[in-house]
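Below, chain A partners chain B and then partners chain C, in two separate complexes.
The block that comes next holds the complex of A and B.
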């Protein structure tokens, strides 16, 4: 029972990180029909940037984190939107998706050649150790990760639902044309979505790197998990991405322990196929109406 | 229609040049050329699925892997002739394509992408984990080269020409398919599925057929790949390689008949050529692909198309430019 509880908690903690990536993925998809195949690399890179600033510039950790976060949001939030998405968006979903695939290779190889091909230790920013709850010893780190991720999602939820800008963003996501007629600065809102996506990626990166170590190839696993989470939860719902992320993390961890370690990657995919066959719009998704 | 005939001309001319040209090439050059042709066959299948039927498949490298493993097992373990393994690989992938496509195409159109994503991962895991069948990470070795008229193609030049002949044959088959009523139906689907349906094209059946045929081309490519490298392990059939094939088709220009050859050139030869830049060659490769797609989302063939249009417009400036005909065969 104790082991089960620990596995569930660890699964939820990993799932919360997947959820952060999946939420950014969904937001960007909703507002600009961009399928970001580099989402995993977006989560990989900030930690590498932090380590590079510490090692090459000799900055203290907090300053490096702040600078890396800012730099990342500027380049991979605003820059990504302006340089990659804007020229391609009119030409359909697929060329843009392939361009993000190339961007993923670029980021991966850049991290490998520019920093290191080896996995690097990353200092944990949340307390480590264990607490005893209901007779089970639970990892303090997993609990804090879950808490931080939940706080981030809650903040995003409050922002989207209860501020003027957030509501304008939702309007943009639901129907850009009508939003534009109503005076919403659609372009600025889309740009803001990309910035939020980059910020969520930074948070996910700082949370995940102490566990998996900072390595250039981390993006593949995280990106795939986030992609699955977004589909499972419903491609057009932020809440769905949250549920999907937690579910994928949970299923991933439990199947590694109870099903088969060598086939663990297949279990979330089985979940994905089941969801597609039984409820194609995702667990919390709305059916997309088809315009003729 | 004239353009498809032009394609045929380019294809035959290219094949003739490729037959003669590399006589003086070293083993490595011949290997890269053969690999390019094998990759182009796989990309041809994906181009049929993606460019003509508008379906995204994320499992083309997995089909390549299935074909390669089937061929390796049949020729190396069972001692069967290569052509039998070749046919079996194609049939196997065609059947699996039907099996995957029927449930996936029952729902909305982009779900085939997700189902093939799951399938690609499962194929990779099975190839890695089921050691009794696939040799696991140690792979399968000593895959024999095929024999033609009792002569085994052990030399690299004869084998390269063999690959060229088979690739040309498969390209001709696809050319014929695209000219047939089936091919017209595929194109109608891509241009406007709704109108195609209203004209009596069974959308689901034809989409399924295009996907399964594309998968079969993956299997055929695998049957060529196994004897080319003579040793296979799971790595070249991973999901990332399926994405790479997708990248090649888009970079070449999805929906153009010749684009798989150009795309495979980008995916196979460009990284090799960029090796002079040292360890960072993938960095340059990714950068080049991104710039290409930002400049021309229709890929290299789109770029060529635009150049041709520009020249034509210059030549007959006084006349108004002819309206593009979307239904024309590309």
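The block that comes next holds the complex of A and C.
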């Protein structure tokens, strides 16, 4: 029982990181019908930027984190929207999806050639060690990751539901034409969504890099897990992405322990297939009808 | 130890004298490295490549091989067996004198037949026991085989760690499975119970579940046999979970890069290392300083292996007295190269008829972020 409890907590902590990336998928999809296949690389890159500022500019870690976060939100929030999404979206979802795949390769290879192909140590920003609860030794890091991710999601939830800007963003997501008629600055709201996506990616990057080590290829694992999480939870619901992320993390960890490490990536995919067959809109998603 | 100092002096003198000596002239001897410069093996491959580059610089500055300079090229295998095969074929087609690499056992197993068919010597960094049991007369190790290293570790677990039960954590590739398959019978032969047999994947990022399994297995010690990056991730996860049993491993658990990546989590780790710049061999330390001066980081065992591979080729070629691609393998079989013959070999090394290597090795422990050698083990003297 204690082993199961430990595995559940570790799975939820991993899942919380997936959830942050998955929420980015859903936010960007809802406001601009964009599937960002570079989402995993969005989580990989901020940690690399931090280390680059520490190594090449000699900045202290806190300053490097602040500067990298700001730089990332500007380039991969606003810049991504203006340079990649805006010119491509008018040609449809598929060309844009391919453009984001190209962006993923560019980010991956850029991090490899511009920084390092080797994994790099990244300092943990959350407490280390373990506490004993109900006879089970629980990792403080896992508890902290879960807490930080939940706080980030709660803050996002409060922002979307309880602020004027948040409600305008929701209106934009639900029906941009009507929102525009009602005076909502739709373009600015979409831009803000991309900035929030980039900010969530920074948080996920700072949480995951001490575990995975900072490496150019990290985005492949995280991107796939987050994409599965977003579909399982519901691509059009932020809370769905949260549930999907936690579920994928849980399934991943439990299958590694009780099935086999070799099949740990296959089990979440099996879950994805089941959800698509039984509830295509995702566990918490809502059905959407579109005119074609 | 005295010969070690002589080798270090010779190496230092040769590095210094190299500047004053006329550089090599004549038609270059082409050497091509087939290396894991990206993918899961990037850490090992980068060290291997850097060691080779440093050796080439030293050899060329000292007059090259038989007066001819070495021209070095590296092809990235991306730690992919298919890409490795293509890279080995390309290296041979482009006229490499010998193939240097790869380092990971899986890509070696996938590509070694190509060099064998072309009758070109291939010096590799892999440790999987099965590599040199396939009758390939052109394959040469630069590190000890698992078949030689695992009995030493099993004895260490029995006699010094005094563990009655051990959890075995291994990576499911040729290197890890080969080590696991040799280690478990060695443990059982010594009456040590295998409390958990935990398979992990190459490139695995999250080891939380594996550490929890190990922790709850009741094992008195843990034998960790993963590649470098995964070793560091495992150590970090073990520290997070409060795993307080002795963590024992091979060179891939105690290397400089693992210590750098794992940070404090590496402290207390113990095991057997084939090569280390922290070993009480002055020539290793001289090499370590030259490497650090050039690349800005401390080398791990793969850096030493790459450096020694180039010098092994140099020593064998000079013994032949001619640059003979097909003859190189024959010259290496049964050869013992001492630092007196060739300072760049750093430590007396013997290759047997299978291409397996024999030389001194070491027991080590990580203390305060440094690898400390606790004992020197003699050559097996096969």
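Everything that follows uses one rule, which is that the second predicted complex is superposed on the first by the 291 of 292 C-alpha atoms of A that agree within 3 Å, B and C clash if a C-alpha of one lies under 4 Å from a C-alpha of the other, contacts with A are read in each partner's own complex, and residues count from 1 in each chain.
Just so it is clear, a residue touches a chain if its C-beta (ideal position, glycine included) is under 8 Å from a C-beta of that chain, and two chains touch if they have at least 3 such contacts.
Everything numeric in this text was worked out from a predicted model, so none of it was measured.
Asks: Give one word, clash or fit, describing how chain B and chain C relate on chain A after superposing.
Replies: Partners fit side by side after overlay.
Asks: Is A:253 in contact with chain B, with chain C, with both, or with neither (first, second, both, neither)?
Replies: second
Asks: With both complexes overlaid on chain A, does A:262 touch chain B (first), chain C (second), both or neither?
Replies: A:262 sits against chain B and chain C alike.
Asks: For A:221, using the defined touch cut-off, is the partner it touches chain B, chain C, both, or neither? Pick first, second, both or neither.
Replies: Once the two structures are laid over each other on A, A:221 reaches chain C alone.
Asks: Does the superposition put A:141 against chain B (first), chain C (second), both, or neither?
Replies: Second partner only, chain C.
Asks: Once the structures are superposed on A, label A:280 by its partner contacts, choosing first (chain B), second (chain C), both or neither.
Replies: So A:280 only meets chain B here.
Asks: Quick check for you: in the superposed arrangement, does A:101 touch first (chain B), second (chain C), both or neither?
Replies: first
Asks: Rounding to a multiple of 10°, what is the angle at chain A's Cα centre between the Cα centres of chain B and chain C in the superposition?
Replies: In the superposed model, the angle at chain A is 70 degrees.
Asks: Would you check which partner chain A:10 touches, where first means chain B only, second means chain C only, and both and neither mean what they say?
Replies: Once the two structures are laid over each other on A, A:10 reaches chain C alone.
Asks: Contact-wise, after the overlay, does A:118 reach chain B, chain C, both or neither (first, second, both, neither)?
Replies: Second partner only, chain C.
Asks: Check the residue A:272 against both partner chains and state whether it touches chain B (first), chain C (second), both, or neither.
Replies: first
Asks: Can you work out, in whole Å, how close the C-alpha atoms of chain B and chain C get once everything is superposed?
Replies: Here the least C-alpha separation of chain B and chain C stands at 5 Å.
Asks: Once the two structures are fitted together, what part of chain A is touched by chain B and by chain C alike?
Replies: Residues 262, which sit in both footprints.
Asks: Which stretch or stretches of chain A touch chain C in the complex?
Replies: Within the complex, chain A contacts chain C at residues 2-3, 6-7, 10-11, 13-14, 112, 117-121, 128-130, 137, 139-142, 210-213, 215-218, 221, 252-254, 256-257, 260-262, 264.
Asks: Using the touch rule from the top, collect the residues of chain A that touch chain B in their complex.
Replies: Interface residues on chain A, with respect to chain B: 37, 83-84, 87-88, 91-92, 94-96, 98-99, 101-106, 109-110, 113, 220, 224, 227, 231, 262-263, 265-266, 269-270, 272-273, 276-277, 280, 288, 292.
Asks: Could you pull out which chain C residues touch chain A in their complex?
Replies: It comes out as residues 37-39, 42-43, 46, 172, 198-201, 203-206, 208-210, 212-213, 215-216, 229, 232-233, 236-237, 239-242, 257, 260-263.
Asks: In their shared complex, at which residues does chain B touch chain A?
Replies: Residues of chain B touching chain A: 50, 56, 103-104, 107-108, 111, 114-115, 117-118, 121-122, 125, 128-129, 194, 239-240, 243, 246-247, 250-251, 254, 279-280, 282-283, 285-287, 289-290, 293-294, 297-299.
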